[in-house]
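So, here's a batch of structures to check.
Next come two complexes built around chain A: one with chain B, the other with chain C.
Coming up: the complex of A and B.
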């Protein structure tokens, strides 16, 4: 009888034991061999490549730290930009620069921002991956100075806890408790600093199951799909708000992206 | 295209080679979003050379992951020697990369 109870307590005491132990080992083994290194190179080349009707590169793009400054820029997003009078995430800022500097068409750019099955990565994914790598080791420090930035955080918090859709799901349904998992994947508690920092800091990430680097914008879109919510638009207010909510909760953490995920 | 990242390190008479290849490794069994088959595209043969010497030759197929990683150890090798990795795929593509042993 005692043995039986000890066994049961053993089970109860390990709610969060997922594959992370083994996966952390795998991650250590792969170390510098994250295939995202190819995507970083591709993104860097794309930044300097003249494109669009104006045959311009993105070197004149202001990511918030001044024109052409890429080092550390990713870690400061989402942030308010005076020229557009909006809070932007890095993906929408890149799209803005592609339109303004290169003269490219927004609808064409938005036609396929993220890879589909069989693709080797999109331009946007590569650029974001390189820019994240340019912030590797930087402290996550999203701006919360402008009223619009603070309002974005408040909206993000509201959306995070908002239950909707056929399953009455919210982001919080999966992400407001610690040490939980879905199948074998550990679910980060995004309301708590440590988990938020590890999560926010490790995207974009190479997904082994897809053979692709995925961005935070994609991650959110896929969360919406899993919640059976309407499709989330890239750079939309809701998308930027949720990223702001996560980034602010993660503030003070360190950028480790591009990460390596299952 | 066809890039390979290689590292080779020598210790106690053994050289360890780590190579990462950029390749889609499509099985030919998947369909795209429109329901069309994605043509098979995978590496069929890889080889590792230490100078002129072939130290490994492998025959791969569709079961190997996208952007495959190859790790191999061989006896011998001195710091400064050249290690080369090559592949060919089922569509006639080829990749090659080299590095010097550290």
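Coming up: the complex of A and C.
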């Protein structure tokens, strides 16, 4: 499957005349043809597959809309869960269910949650991709009812503007202005609704340059790598807070994921 | 690692959905819990210096006039000019530094030289189409000439952009030790040498 798409890298490496124009055209040409469809199927199979010491599937997992309810669940994250008394993103909620329902070991699950270049995808990536597809067309509507959910938004906003590291970069360095680009890559203004909705709604996404589906958790880790910051922990407060900041700014937009990206 | 506690209260934005205030103590604790050392990118990098602190609190716009003036002067006084008085290196090597986006990331080899990554944000040589727009176009920069004030101004911008434009998005390439003195001289030549592609028509 990866080889089949390798030629696209050549096309995308061609110099574009301006911003994302040529890539938007390409995306339109692709229409519904997104290699992520294979990953969606894989994720669905994994959800129903008995695994772990308890040989249980994830069908008993409560993603916020009740046990086993997957349709529309992704679009409501991040959200507060009473059983853990924390605000969780979808990735940390899935890890929680794998431990609780399947009896799997947290450290083993966290050893390699995201693919390295050249890998064929991880279980977490596949599950998140399927769950995002289960919310396709749903309105982005993260919960902001519980005080912990509101506090998470405030924290996310604060972290978004926090400048640090040898290059003085914050999230805002690249993502607080509209219609800017880095090299040829268009940069969304994540402080503004329209860009936040298009961005948040299109992750997870199949990255043509890597031949993989990437999740929002991975995207944030890789942003911080480029910011010259240390490693962001999956499901950490900063990760959940920034996802909350984006999701709330995106609220009212529509889930289009899995997206298709350079 | 415990991050240094900062004084003052950080005011979160006025969005009605937000609960409003995140204390600096809470922010330090959260950062400490959320990040781990990753190769050369260690957790101590999250500790802010006075410039980062001022520009974070004020959301990328300069803080109050008094603070801004004193911080700018501090940065200006700390600029180190070339020891030999020679500002201009080799524009060809400068072109490589401008093109190189690596350096100081957890994924980079610390044994390799850091890049300036100028093209990420600036247009420079007109035949390079893959340039970013976060900063102004510098194509034709050399038309400003090579007078002493021009050399000192350009060097200062590269060394520590906050000396002139507090809270600029641009990294402090000299002050933060991202580029060496020689690399900065080479970038200077890339910008100012009449033979550099930056100063040629297409």
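The working rule: the second predicted complex is superposed on the first by the 243 of 262 C-alpha atoms of A that agree within 3 Å, B and C clash if a C-alpha of one lies under 4 Å from a C-alpha of the other, contacts with A are read in each partner's own complex, and residues count from 1 in each chain.
In the analysis below, a contact is a pair of C-beta atoms (placed from the backbone, for glycine too) under 8 Å apart; a residue touches a chain by one contact, two chains touch by 3 or more.
The structure presented is a predicted model; accordingly, all values stated were derived computationally and were not measured.
Greater residue coverage of chain A by touch, when chain B is weighed against chain C, goes to C. By the touch criterion defined above, A:167 reaches chain C but does not reach chain B.
Across the interface of their complex, chain C is touched by residues 15-17, 144, 147, 150-151, 153-155, 157-159, 161-170, 172-174, 176-177, 179-185, 187, 224-226, 228-233, 236-239, 241, 248 of chain A.
The touching residues of chain B, when paired with chain A in their complex, are 3, 5, 7, 18, 20, 22, 24-26, 30-33, 38, 65-67, 69. Contact residues on chain C toward chain A in their complex (touch as defined above): 10, 12-13, 15, 17-22, 26-27, 30-31, 33-38, 41-43, 45-48, 51-52, 55-56, 59-60, 104-107, 119-121, 129-134, 169, 171-172, 176-178. Chain contact summary for the complex, chain A toward chain B: residues 30, 32-33, 35, 37-38, 116-118, 120, 208, 211-212.
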